[in-house]
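Given below, in the form of structure tokens, are the structures.
Next come two complexes built around chain A: one with chain B, the other with chain C.
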Partner chain A sequence: MATATQTAGPEPVEKQPAGSAPRPTRTKRTFRPRTLVITAVAWLLAALFLAPYLEMIVTALRPADELRDRTYLPDKLHWSNFIDVWKESSLGDNLQVTLLISGGATVLVLLVSLPAAYYTARMRFRGRKWFLLLVLVTQMFQPTALLVGLYREFHQLDMLNSVWTLILTNAAFNLAFAVWILTAYIGSIPAELEEAAMVDGTSRFGAMIRVTLPLALPGVVTAVIFTFITSWNEFVMGLTLSTEPDKQPLTVGINNFIGAYTVQWNYLFAASVVAIVPVIVLFAFIERHVVSGLTAGSVK
Partner chain B sequence: MAVVLPPRFTPERVRNDRRYRTLDKYRFIVGFLALPLLFYAVFVISPFLQAIYYSFTDWAGGTTANFVGGDNYVKMWNDEKFWDSLQSSLLLLVVVPLITLTLGIFFAYMITAGGRHRRGRAVSGVAGSSVYKIVYFFPQVLSIALIAVVWQQVYSSRSGLLNGLLGSVGLESLEQRWLGGDYKLALFSTMAVIAWSFVGFYVVLFSAAMGAIPKDIYEAALLDGAGRAATFFRVTLPLIWDTVRTGWIYMGIQALDAFAVVLIMVPPHALKVTPVYLYERFREGQFGYATAIGVVLLVLSMIFTLIVMRIGRRDQIEY
Partner chain C sequence: MSLKAPPVRRTRGGLARLGPLPWIAPVVLLILAVVVWPVIELIRTSFLNISIAGIVRGSAGTDKYKKLFDETDFGHVLLWTVLWTVVVVGVTMLVSLGLAQLFNQRFPGRRITRWALIAPWAASVLMTAIGFKWMLSRTAGVLNTVMIDLGLIDRSKDWLGSAGTAWPWMMFVAVFVSLPFTTYTLLAGLQTIPADVYEAARIDGAGAWQTYRGITLPLLRPAFLVGVVINLINVFNSFPIIWAMTQGGPGSDTATTTVFMYKLKETDIGESAAMSVVNFAMVVVLVLIFLKVSRWNEED
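For the complex of A and B:
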């Protein structure tokens, strides 16, 4: 795992050390057809991956009367779509619900997973293997299959349509991943550092807070942002556990547009742009940690 | 919990006093593991167990839930529509991981080892590999609900990007009703979207796994005269096999679910997968029947996992 974390940084793996390449090799730098083909294919694929986003943004800026046109770019950019969709729908409420859910679930996951991960990484206790296995296996359950069971639970507790319901379920679904990543991260920090701090007189708790935690910060940040993004994007539970339109998260609210008689794509996509901007900004923050974070649990 | 805490664990105390050590241990267990376990019990294990129980009842949302034995399962067995949906789901389960993982491994290999041979380097990535990784990974951070919405528009037969593109390069004959018409076409379009949204994840995952392979193994292969293909099949693939297998299981379960994509994107008459069928029964208030379908889905994903573990088993290679 250690090697994966080192080599998987954001910079290209193969960088010629400056000055190590003698001049003559430069002359070999002709474009061979295969290199050209590979680059072309890579760019084409990149375009394929980006095109739907472009479509989303262009449609979001399209005036309503040009929606049926086949011209790719609208005549003029219609920024007021963003304002109109805000005024005419319950998306403001939906955004608020989503913010509460993602924020709440993230805090909850952090509070619960960090101690658990610390303990699992540091202690060899009876049932440690079972605990990790449980974490893995439950990760496999599809939310759809748990849907009715969860619905029944919250129905009995009379908690349907409550923000808390969605905070709790999102936190529960993300717990496994957070524990898994954090266990790997904390496990890679030598326990000797803590022991040294304890010999110097801090308590075990103090050693954890002041020594291990700062060192595990990249892992913590990754787990936090991942939880936030997945809760922000969650759809199935938002759809089933809350039925009142103004208590549903943004992903569900956006899809309520489609149920209407005609789909107003420009509004739909203006709302979608609002929904993805925070995610992309957050992703930009953890992008360099994503690889090491994702592979911490699975690669070795 | 905080009542009987000793004031401070000085090293001698921790080392010498048995009571402190035991207390220390249990304090940690209670404080650190109890909460997550409680969470699991309430929100994952308990709904799961309840689902199993209610699948044997005729619960319809009210206060009564009569035990009806295996009636729901018998009903499922005789339900044509259930079998139709299951057929689609099983096709997704088998085909999607194959497409996605093959593409993921291929791109990852291109990115980590597809570059020109440079002096003194056995393998080298293509220029700008990190940019490609980010771009390919992009769909993974997007909500599957939004992905479905965007692709619905891309596939749209009247104003969609895909038909527009085909029309503009003179291939009008290839324009299709991608989602609303033919079953096979709708299934294929759905597979393409799921593969599209997950490929990036596997490119990143597999290129990390490939990056962890020591360079001298590649150098040795190169010295022995292995070409690119031989290097890939004899060196790279066996060494990342564990990661591939994990990814296979994960992708299969995701494909079996495919709930949001199909529910949002595909008109119900064209294609229905089992989770969507479950959801419709749930909306109709047939909770008992819906949970029975959920249980079958869970059992299917477990069987799938076991099969992949079985046929994917190879000798562990340490490096």
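For the complex of A and C:
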């Protein structure tokens, strides 16, 4: 494997500013055997990580009569599965519910977390620490452990089978991430910028909207995409708080598909692929910021 | 901690006069309604007799807990929950250490391969689990086909049909979906190690393994610990994988406490609540550990 003469550690390539001095010749781009092995292993692993999703796509393209064939690829590709699934099953309703829940939860999270994050980042106040602790603890509590309590609460409020309930609950369990990442972002923007704008005659609110918000945009985008994805993927609360099939989110609808007598796997995965692919693409945009949000900043 | 308290500042405008309430109250209210209330409701329900229709039939004292602890499956479920959590988190951490090291190297296509790695993180855990259920199916599962073609098995097996083979596969899926977050956390941790530390080690003539043991691992400790605790919480709560793949069956042979709780909900919600309280207590312990490990409070 490695010898003592070569660089043993990581090289923080991406952190380097674009115009930095060229690196010494030591890291010249020659393909040493070691690099070759690393490249091969990394690409192989990448393929393995994508493989289950590729198999879902292949299954989604299989004609019904080729589902039981022991072939890696079907003879014919049935692209129409992607359209038929919405017509032949009730999953269209579920997709609509999921869109409403994810959209609603995202808007709600942003509406309540932005002011809180702004205030927490800018001001010292009594209870600031307790507020942040409450937020942090919420982030660690997942709905699964509280399911029975959630069910009892919304049963008593007569709010089962309501899209609003799932918007509220999804928003609540994603608040922490949003507050956390927005507070960190806004806190990193000097308050002097706002004050300068205010000297120029802008109101504090105007300064907040026109100066701070645009600068905090990466944080806002991260919070929005993360909340949307998590609500989009949510399963246990949908399963517990909605019992009527047409009021359930897509994850639950897809899971119900398996309970059916004969599972139409091609349709099931056509719907799954539609649900998965956009989310993976969206996630790629925020990947850099997510870790610090999820670990509450304890890992930069 | 990235959220240092801002410097004390005197504000001229309305910000200070109104105090923090209008800013943070919506967040606090949402958390109280959707996170704190269910906790109280959960504990209350565990001491009540409630009919299947949801009508309260008086107090049950500690009967529900007694009934829960007397369940023949209870000890078995508890044991497997511990095994499930420890094995999945242990394997995840070990594999992630290797992955982080690999993806921290420079090689062609690093960005693309890293991107492939996030797929299981962004995609719904439920749908990934359903994908594996399909790939493991006896009739046409591609994993069966691959293993037959490789000569690993003679004929197709019903992997999820018995606990002995279902557990390892479900653990595999749990590790698979936990790897991206963990690897990215460790990658973030690796980025915080200054390059000159490695330079110094190189000049001192330290070998690659020596450098890794002596420098990388100790400096990676904070990120590693945070990764362990967050994974413990996630894996302990990972209901969708088991629910999608075996529903905890046959019987309760492949159930963890969260799955067991969900199954009990169908027959006796009080007993299910008692199980939840036990789960919740375990999560609280894990959260307390997280607060300690993430060094909450250190700089504030």
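FYI, the second predicted complex is superposed on the first by the 252 of 300 C-alpha atoms of A that agree within 3 Å, B and C clash if a C-alpha of one lies under 4 Å from a C-alpha of the other, contacts with A are read in each partner's own complex, and residues count from 1 in each chain.
Note that in this section a residue touches a chain if its C-beta (ideal position, glycine included) is under 8 Å from a C-beta of that chain, and two chains touch if they have at least 3 such contacts.
These figures come from a predicted structure and were not determined experimentally.
When both complexes are superposed on chain A, chain B and chain C clash.
Looking at the shared chain after the overlay, A:L132 reaches chain C, while chain B stays out of its contact range. By the touch criterion defined above, A:V199 lies against chain B but remains apart from chain C after alignment on the C-alpha atoms of chain A. When the two structures are aligned on the shared chain, A:R124 is found in touch with chain C, with no touch to chain B.
Of the two partner chains placed by superposition, chain B and chain C are both touched by A:L175.
In the superposition on chain A, contact is made by A:T183 with chain C only, not with chain B.
Under the contact criterion defined above, the residues of chain A that touch both chain B in one complex and chain C in the other are 3-4, 7-8, 10-13, 35, 38-39, 42, 45-46, 49-50, 52-53, 55-56, 59, 67-70, 72, 111-113, 115-116, 118-120, 123, 125, 131, 134, 138, 140-142, 144-153, 155, 168-169, 171-173, 175, 179, 204, 229, 232-233, 235-236, 251, 254-255, 258, 265, 268-269, 272, 275-276, 279-280, 283, 287, 290-292, 294-295, 298-300. On the side of chain B, the complex with chain A involves touching residues 8-11, 14, 24-25, 28-29, 31-33, 35-36, 39-40, 42-51, 54, 59, 61, 107, 110, 112, 114-116, 118-119, 121, 123-139, 141-147, 149-154, 158-159, 161, 164, 167, 196, 200-201, 204-205, 207-209, 211-212, 214, 242-243, 246-247, 249, 253, 256-257, 259-260, 264, 275, 278-279, 282, 287, 290-291, 294-295, 297-298, 301-302, 305. Residues of chain A touching chain B in their complex: 3-4, 7-8, 10-14, 16, 21, 25, 32, 35, 38-39, 42, 45-46, 48-53, 55-56, 59, 67-70, 72, 111-113, 115-116, 118-120, 123, 125, 131, 134, 138, 140-153, 155, 168-169, 171-173, 175, 179, 198-199, 201, 203-204, 229, 232-236, 240, 251-252, 254-255, 258, 265, 268-269, 272, 275-276, 279-280, 283, 287, 290-292, 294-295, 298-300. Per the touch definition, chain A reaches chain C in the complex via residues 1-4, 6-13, 15, 27, 35, 38-39, 41-43, 45-47, 49-50, 52-53, 55-56, 59, 67-70, 72, 108, 111-113, 115-116, 118-129, 131-138, 140-142, 144-153, 155-156, 168-169, 171-173, 175, 179-180, 183-184, 187, 191, 204, 229, 232-233, 235-236, 251, 254-255, 258, 265, 268-269, 272, 275-276, 279-280, 282-284, 287, 290-292, 294-300.
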